[in-house]
Amino acid sequence: MTPIPIPTPASPPPDVVRCAYLELVVTDLERARHFYVEVLGLVVTAEEDDAVYLRSLEEFIHHNLVLRRGPVAAAAAFSYRVRSPEELDKAEAFYSELGCRVERRPEGFVRGVGDSVRVEDPLGFPYEFFYDVTHVERLAWRYDLYTPGALVRLDHFNQVTPDVPRAVQYMSDLGFRTTEDIQDEKGTVYAAWMRRKPTVHDTAMTGGDGPRLHHIAFNTHEKHNVIAICDKLGALRLSDCIERGPGRHGVSNAFYLYLRDPDGHRVEIYTQDYYTGDPDNPVVTWDVHDNQRRDWWGNPVVPSWYNEASLVLDLDGNPQPVVSRTEERELDVTVGADGFTYTRKGQDDLPSWKQGEYKLGEQL
Amino acid sequence: MTPIPIPTPASPPPDVVRCAYLELVVTDLERARHFYVEVLGLVVTAEEDDAVYLRSLEEFIHHNLVLRRGPVAAAAAFSYRVRSPEELDKAEAFYSELGCRVERRPEGFVRGVGDSVRVEDPLGFPYEFFYDVTHVERLAWRYDLYTPGALVRLDHFNQVTPDVPRAVQYMSDLGFRTTEDIQDEKGTVYAAWMRRKPTVHDTAMTGGDGPRLHHIAFNTHEKHNVIAICDKLGALRLSDCIERGPGRHGVSNAFYLYLRDPDGHRVEIYTQDYYTGDPDNPVVTWDVHDNQRRDWWGNPVVPSWYNEASLVLDLDGNPQPVVSRTEERELDVTVGADGFTYTRKGQDDLPSWKQGEYKLGEQL
Amino acid sequence: MTPIPIPTPASPPPDVVRCAYLELVVTDLERARHFYVEVLGLVVTAEEDDAVYLRSLEEFIHHNLVLRRGPVAAAAAFSYRVRSPEELDKAEAFYSELGCRVERRPEGFVRGVGDSVRVEDPLGFPYEFFYDVTHVERLAWRYDLYTPGALVRLDHFNQVTPDVPRAVQYMSDLGFRTTEDIQDEKGTVYAAWMRRKPTVHDTAMTGGDGPRLHHIAFNTHEKHNVIAICDKLGALRLSDCIERGPGRHGVSNAFYLYLRDPDGHRVEIYTQDYYTGDPDNPVVTWDVHDNQRRDWWGNPVVPSWYNEASLVLDLDGNPQPVVSRTEERELDVTVGADGFTYTRKGQDDLPSWKQGEYKLGEQL
Amino acid sequence: MTPIPIPTPASPPPDVVRCAYLELVVTDLERARHFYVEVLGLVVTAEEDDAVYLRSLEEFIHHNLVLRRGPVAAAAAFSYRVRSPEELDKAEAFYSELGCRVERRPEGFVRGVGDSVRVEDPLGFPYEFFYDVTHVERLAWRYDLYTPGALVRLDHFNQVTPDVPRAVQYMSDLGFRTTEDIQDEKGTVYAAWMRRKPTVHDTAMTGGDGPRLHHIAFNTHEKHNVIAICDKLGALRLSDCIERGPGRHGVSNAFYLYLRDPDGHRVEIYTQDYYTGDPDNPVVTWDVHDNQRRDWWGNPVVPSWYNEASLVLDLDGNPQPVVSRTEERELDVTVGADGFTYTRKGQDDLPSWKQGEYKLGEQL
């Protein structure tokens, strides 16, 4: 089946500044609040009976994460800030031309945010655009509030979608640039990283059954902050929240950790990728068989990281149906029965202590 | 079979100050030298056609590691420094009374070390004791020589032996104190950590087929130094040297990384355990089923880490025969078919992303 | 004397992406090369008899610093990258309209850079704009090349100019935004930080006798990298290169260190300021009397840091004359005879160990 | 005046394990508690109306610091742990033979500690020895309790005494070994570092008017923890607690920070000195004129650090009279009118930015 490309609208896209916040539906708000506030140390800007508004320490807009109580764990909105109020008109026109469902609310969809446009985008994701937002205290200098694992910024989203090149083309039309991707020798694209702000990404498109949320990522300042989160989870006997890592990514060169919240939503802790703001910033393409692409140290990616992700909601709050990926899957071509991988291209003499790892996929 | 305990000698043991160096036989001296000097940054004190003498940056004695070319990869000596020259007489008497083979060489067995006693100890390990040693420059202040992953001290050895309580009793007679151990509810001991200097260990006794060398461990100052070693291995496309970690130990509370050198000898990079020098220092006993005992973050221990280890040599340079452990094995009782493990005692509701990991042992 | 404001040109400014490189004249090229390459670890992209081209580890353009042998230590060019080749025409028009001397060279002024515009700007600084540049390997993943104090990016310039508000208006016309500044209760502005890329600054305007170069700043990833540079300077017995720090800035919230190169040019090592890319990013104004504005820990700023700076050259390579600041000087109003400063506003009960420090200025 | 040496007792000294705790009299217990608990994060083991008992995170004995309300800020006891209960008899005999006032209390002098000997030692310091102590939870694994600047161990005391060689001889008789010292070319000793546990010191003898307490020092794990304390003090507008640093010591090679508590008692935060446990550990002697001896980066030592210190109490709780040092003072021979200092021996061409610093002493 040849997927139908998403047409490029004649309308110019809105000028997106950065990923700004995620609205997340959680089934047990108290447990979720404990995880994000007591364990991870996000700051509560506001809370209501059914929602908690959280921000990172260097943020000056109202929130980077909204936790909302709901019946099904899912992502309700991927929200981006645009450069001016006028950009919302462009967002409306851009998505209307694409035939998407578009809803605009001058009073905003969530507390702290004003005039906003929400859409069900061509990939099925609930995207939001806004400019107007309540300013709050930037706590960057409030070191009396810092914890050892302090989360200082929202870094990016990561979305699961069946057809990565199709998604990349649409996102490019929306004004995003690719910084890195993973391909194989036949040109199959397994994932792509795309940015507006000059970091490696504001969002990534990960090939798989979708639309689903793969994860949301927050920054720490240093690597020891990431380790401190692991140590604290151990002390709280919550180490089973740790799904993968910590480690060094090949893609992005960042130091990472993946956690799962009480609903299974995945959260990445991320630090020290690189500047990508030049117009001719070199795109880095990784070979899917390179065992250092996902973890620079060659540590295995656990299968759940490839397979599990969160549902996303339509604008009525109902889960979007999940469409299967038809192309080859990264898990299969690397660790599965037919997969192969290498540390040094052309060499396949695995040491004894690595022989099990590359075959994990088929057995689990 | 009830193992025969090792009798306590009437002779007092030598007063051991600390673990001082390991003599390691490598089959390809150039590759081994590259690994320890170019990759890990140990400092060359001296070298000969068939041997390289290496030390860490804060060391003032001649070496912490001797690499010697030989036909079979093995550990030739676990060497301890004693408090005075007179302690060598005690070592001779102590091991003679135990019926061990004892050899004393006033000129020493290796370059840089004088009067020494080597023995084939009751567990089959080649132990050495010495006081007289050449002093060399302590490079602690030579920050111009530091690398991002600088190794600053030798921390400990780790030995594999079939019967841990038997080994612990003998080592206690030798004057070592237990700081931590791993047991099960029936009292089976899976491993024990023992010290002379006031850290968690100068050596550990790990239950398994032995006598074998499990690993040698060097200290870094900080955790980022350990990460820098991983990053460098990735850059050199040597990430398959990384066997396990980095991570936080439960036992010892140290931050760790396990590497395998070109001969498969295991090297730990280790930092930030705690002071144990008080006579009533509390012993910490870990439940073998506690999933955080070996990795505080609950990350799985790879099977090779349990199963593989280096041969040790007798005083003629021949490999010691390896005797199988007859008691239950830690790998089996935790990750194997009959094993079980927990993050929170009494709870066994594993999240989806952890379900594979606990069963790795039987499948690999 | 009322300074004459710089008029806002009708021509649009060039779209500047970021500060890109500094051309620095040094009187002893070998000593300067040793300092920047052997001590600080910048990477040599190219070298000639009279010039060395250096870059940081995450850079992909040809260089971030050119060291050129010359008779007088000075800054020859502050060079910015623009978004496209067409922006050079805008630069020409913008500065021509301002009556500045403008020189355009299609072949570029330095190796590795193509079509460029250099100007003597209204403040007397030699500014350069370019788009065309040779790409080189981004060494971000080359951890085998990292040193403990690895410099990973060029962060910013800092310029000394007599009249800060006048400079700020001109730079705003050039498209820069103010992120932070230092003022007193009368509205005198002592310094301002201005950015194009979304960090605290691409350049800062520091009030003083000018035009002069105050410093160039490079980023490290973490704070320990900054400390490693100090430690290495100590080991090399070059600690007298350390002028100020390390410390935490109040302004910018970054961790810093100021060095002086063999010619006395000042180099800052800088890490961990914050994201400023939103159009309504809050401007932070610091009280000049707040003792934590320049050093968050209240450590004194050495007088040389206020008083000393490097000459800048005109487009013929001759030093620009230095014009004195006529407004009050920050050194005088804080640490001098008539100055005052506070840790907690309204409290002036200095502890005994601080009483000397605040009066340093008048005595040195 | 030739000082009278302290005779070496015929009685053997007690076998001291390590420095264990300091009893500190504070004039405002609430402010002191806030400083040590809320700001520095020491853990409260117990508290009473007039005293608070604090420990570091890796400690398992009852406390490392006792804050006791009293009329005069002073140190009431420097307390050392001995290897067994029997060592207390040796302490009694040792000090009785020296003619010191000795008091033994089987019930102990403070909560949590049993049978103890307190003496007014030959230098006028209130020294305590004990073995019996209440064990408490070692919080090493309780990462949920860690702050960014977590203090994990008591490291050492530092005492001011007029005649350093006299003090060193007495402390050597007590079984301490010198690890480093500062001398001049005439053999005048300005300070000496002495240890029982194998670190650089359990206490240091600093030449000056005494007996006085120079400081108590706690360990952090890493350098960023020290920086975090500074950052927090800035956030709390308590930066004037920072007296000196952070920096790297030449002596000890440790990373350091000196704070002053609300009573002016000096607290050092200290990390990463080196192992000194070998009997022939090389003693490092520093030249008093070496500008890197006290700060490896050549940053100036503030005069208050040399001049100010805390009174100590006799066994009745009255301040000991302070005797002046008659030998040359380190402050005078380095930064004062007649002092000189160097970064590179034999070179005295100070850069402009350093010329003020070396002369600070006489002017302040």
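Order of writing sets the chain letters: A, B, C and D. Residues in each chain are counted from 1.
The criterion applied here is as follows: contacts are C-beta pairs under 8 Å (C-beta built on N, C-alpha and C of every residue); 3 or more make two chains touch, one makes a residue touch a chain.
Only a predicted model underlies this, so the values are computations on that prediction, with no experimental measurement involved.
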| item | value |
| --- | --- |
| Same-site or different-site touching of chain C by its copy chain D, using the half cut | same |
| Of all other chains, the one whose Cα centre sits farthest from chain D | A |
| Rounded Å distance between chain B and chain D, as computed from the means of their C-alpha atoms | 35 |
| Chain A and chain B, separation of their C-alpha mean positions in angstrom | 41 |
| Residues of chain D whose C-beta touches two or more other chains | 141, 222-224, 231, 234, 250, 296 |
| Contact set on chain A toward chain D in their complex | 141-148, 150, 222, 224, 228, 231-232, 234-236 |
| Chain A-touching residues of chain B, taken from the complex the two chains share | 222-224, 227, 230-231, 233-234, 237-243, 246, 248, 250, 255, 260, 264, 291-292, 296-299, 302-305, 308, 343-344, 350-357, 360, 363-364 |
| Residue ranges of chain B touching chain D (in the complex, touch as defined) | 17-18, 58, 60-61, 81, 83-84, 135, 138, 140-141, 152-153, 197-198, 221-223, 250, 253, 272, 274-275, 277-282, 296 |
